[in-house]
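In this document, chain identifiers A, B, C and D correspond to the written order of the chains, with residue numbering beginning at 1 in each.
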């Protein structure tokens, strides 16, 4: 019984971490039709931002929840202004340019930080479920994911920015029709997506550690989650994370982590084959 | 520490001779020495200290007048964690730079790429990393420790301290696979049991389900043969789940890179490890070495690793053999090395074992304590018994393969 | 001079330079350079495979390394089991081609396009990477060949003269073989692209819907293109396994896939000579960056210049933003406008044709 | 009466909640030239897309010479002999005019024959001069001609023309009308147009679409007089 409870927490954790690492990419993809292959590096930079901040005596909570999103959000705005804006409407070129950015950021962090960066360890200790112990931090990650998703829901549902976002998701020309300044909307959107990635990277840093090449481990998974989910930011991310997270974690527990990974990737291929527009392209089409 | 009188005499003589002719040494054609290591990409944690140690060894040698009156030139290749470049650079080192010796390779995979190339082009090769054992090739010398030298010591030590039920987790490649078999063998020989061995590819970062499985198995301690940056997250998640205090851990891979610096003391204190070299070894040779290393690369240098020392000792052994042979000719140097040459190294006395081309050396068990490695017990002059069981290059000088040792 | 004769001159030039290269190089340069050039030639064949699939077929394949790796692994496994290289060589072409056909059928007949193609092909190569990477245990073997997991398969026997096991091809022989294979691939693709088939696939790339409304089945043509690309990449993989006598899972990795894309981008999509130039240039740069490393330095600039990912990142961004057509087409444009300004409009400017190169 | 060339039965297309085409029963005789009119969004283009296999109908059938093609692939329908010139010219922009036409002619002919057909077609659509220019660099009107050349080179039985006269000068409109009449000597056509002048020049029968269904079908003159049509279509145009 306690094993089932533990497994349930782990499945929830897998879903939450998938949703966290994907939601920034989903916003950028859903609203701008830009596939950001430097997404993994945004997560990595979030981790570094948190580490550097904590080593300067800032509280770990502020470092993770405030400093990291602000720093990476600003980097996102800079990237949008210097690279992405020249490539709107050229989806494949954007992918290639952001792939270049990804390599560049890996190289730059290696040059600056080297390979030995003292990490941050997970705060909050652990708790007992029957015969098992697991970390409280796992629950914290689940909570952060829930709060982030709820906040995005509220933002999209009830604010002017959200109205523009919904418009843009349904019709790319809508933003212009609403009389908003598209360059600014794009810069803000890209910055917001980057900031969420920074937050996710920082929150996961105590669990998975931070090193320059960690983005590679993230990018394929979040990419697949977003494409699998389809255009709707929230329902897409949540449904795809739930599907892939469950498959991955259960397969890992029953067999090995490799098989868990392969099962996730195979599920993704089958899903895209069956539903080329993603889960939300077929179901919850009117979702957010 | 026993110092071999003969080598000592030779050493001083050579130094004196080199000193006398040091002015002419500069004018001589330099001897090229190649270093082929990953300095970027996923494996640079290991490569960087190795190249630093190599640099220091060569600078010291040049300051002492070079070798055979000729200065040494380090040709440093970065393979960028890319196997194709290992082939290319090994070819370049042999054919273009015409180096006297190649030191390099980190993973067993990279060694198996370099080895045939250097065999083909008749260039002497030193592999200075601890590895799974079993390579038998007259052209190659291995200065790293193998499982029979470390696992054999650490298993009974940890079992005596913690108990007989050992859960093994290992990186999913040659080294992890073979080392975990050695662990199992020694645990059973010491009357214990191994409920499970789990393997993880090198890029796995999610260990949640594994940690649950380990808890379900209730071992007395966990043996880790995890490797590389991604696997560090295991220790994090283990500590976060509150396991560090209830189930202890032993390893022959932890702290080979920089794990104990990256992790906080709370996450890894108390872990037992076993290697040939620790920066804190108390002996005059080491104290002098550490001082000059830190002077050269900065007092804040994170850790002089096992692999760095392997490289340093590898170079010194080769240099000693060149002096003895009076030549850099490959066969003459091999023959000199096969006399069982010894050096008095920072880790203690290191001697080439002629039949296996591996080393007889000291090993030490240590405990991780607040980002330092505290030496607990020493074991003098351990032989490479695993490779010796399958390899005798004196009897079969043409043998050339990596044996999978029957365990 | 019109476009057609210009084209013929270009073709002749490539032929003469290629043959001269083939004959002269081993006589002029040292063995280490020959060996290095051999791998460049092999990689150029790989670059051509993507040039066909992406540049002409318009199929965004982020996982060309999957077929390259399959070719290398197939050759290695077959060689350990058979010992004579004729069948392994054929298998190294057939297996990746069959795999490409299967994957292509799944994708094109499922109407998956553009970005989704990129995602699926990338995912497939990552699955192969993960799967092969976890075969380190002794239980994973095919016949007498152990898969070796992360460590890969070392000591792969080289190709031999067909039918004669005792006559392996030596290092210079490998150079001749690789160079001749590259030339054959280049001219073969030129022929293919000049054929009905080639013109139709370019049409499909230009406007798939229109091609369909004219009565061509784009799925079948894309499938054929993808399969040929897979076969070529597999062949390159087989030669690569021969060159280094080893193969490891990194051949399927993200870095390898990225490289191939970068070659084609830098050299120029929609040309054949471009990706060859891009491939050789980038390979040379990779080698140059890795050789002659400063040792023991801690200077930040030294670290940056010795840092391959950083430099490649900048190259990729710069090309996408500033030279989106790639080197060869851009140089072609510059050359043409120079010619035109010299001719003072006496001759009408020839249109740049999409399948030039 | 002979069997119709093209017939649709209860043909419908829904996009989510939007019913773009509703229960259309349409019939076209061999050799007939029919005009389709109707306000923007009346479903004419969607109707064309279903006829050519670019969209799969939600309900109903398309019969071409009695054969059900409602679920056939676009390329198979093209091979059966339906060609379409789309509203925005759909051509191969990166290729020369000659290569464009070649791609169309190549499906039916081989070798020298193809070359001859291409040359003839270039003359017919008046693009011999521009044969070696890239289509992407041509003016809009010329690209329309290229597309028409493409369609004709595949020698279809039935040609669908979606606003062939849009954006043309008066002179060009006349030339187009003449060409359409010429084509109609051997082939059946369905033409979507807004320009009533043009329609008068070419057609006898007109079908009016409104809100996805057929509003009325009659001769040009009667349609012009029909008050219902005036309301939904002409009235609107007059107001604009």
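Please note the rule applied: contacts are C-beta pairs under 8 Å (C-beta built on N, C-alpha and C of every residue); 3 or more make two chains touch, one makes a residue touch a chain.
All values derive from a computational prediction rather than experimental measurement.
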item: Where chain C and chain D overlap in contact partners, by chain label; value: none
item: Any chain that touches chain D and chain B; value: C
item: Remotest chain, chain D as reference, centres from CA atoms; value: B
item: CA centroid of chain A to CA centroid of chain B, Å; value: 39
item: Distance from the mean Cα position of chain D to that of chain A, given in whole angstrom; value: 47
item: Approximate Å spacing (C-alpha centroids) for the pair chain B, chain C; value: 38
item: Whole-Å separation of chain centres (CA-atom averages), chain A against chain C; value: 33
item: Multi-partner residues of chain A (at least 2 other chains); value: 107, 110, 216, 256, 258, 261
item: Interface hub residues of chain D, defined as touching at least two other chains; value: none
item: Multi-partner residues of chain C (each touching 2 or more other chains); value: 130, 133-134, 307-309
item: Chain-level touch network, classified as line, ring, star, complete or other; value: other
item: Chain-to-chain touches, reported pairwise for every pair that qualifies; value: A-B, A-C, B-C, C-D
item: Of chain A, residues touching chain C in the complex; value: 35, 83, 86-87, 91-93, 95-97, 99-108, 110-112, 216, 220, 223-224, 227, 256, 258, 261-262, 265-266, 268-269, 272-273, 276
item: In the complex, chain C residues that touch chain B; value: 30-33, 35-36, 39, 130, 133-134, 136-138, 148-152, 154-155, 240, 243-246, 248, 250-251, 255, 286-287, 289-296, 298, 306-309
item: Chain A partner contacts - residues on chain C that touch it in the complex; value: 60, 106-107, 110-116, 118-120, 122-124, 126-127, 130-131, 133-134, 254, 258, 261, 265, 300, 303-304, 307-318, 320-321, 324
item: Complex contacts: residues of chain A adjacent to chain B; value: 3, 6-7, 10, 13-14, 107, 110, 114-122, 125-127, 131-135, 137-138, 206-209, 211, 213-214, 216-217, 249, 252-253, 256-258, 260-261
item: Residue ranges of chain C touching chain D (in the complex, touch as defined); value: 3, 196, 199-200, 202-203, 205-207, 209-218, 350-354
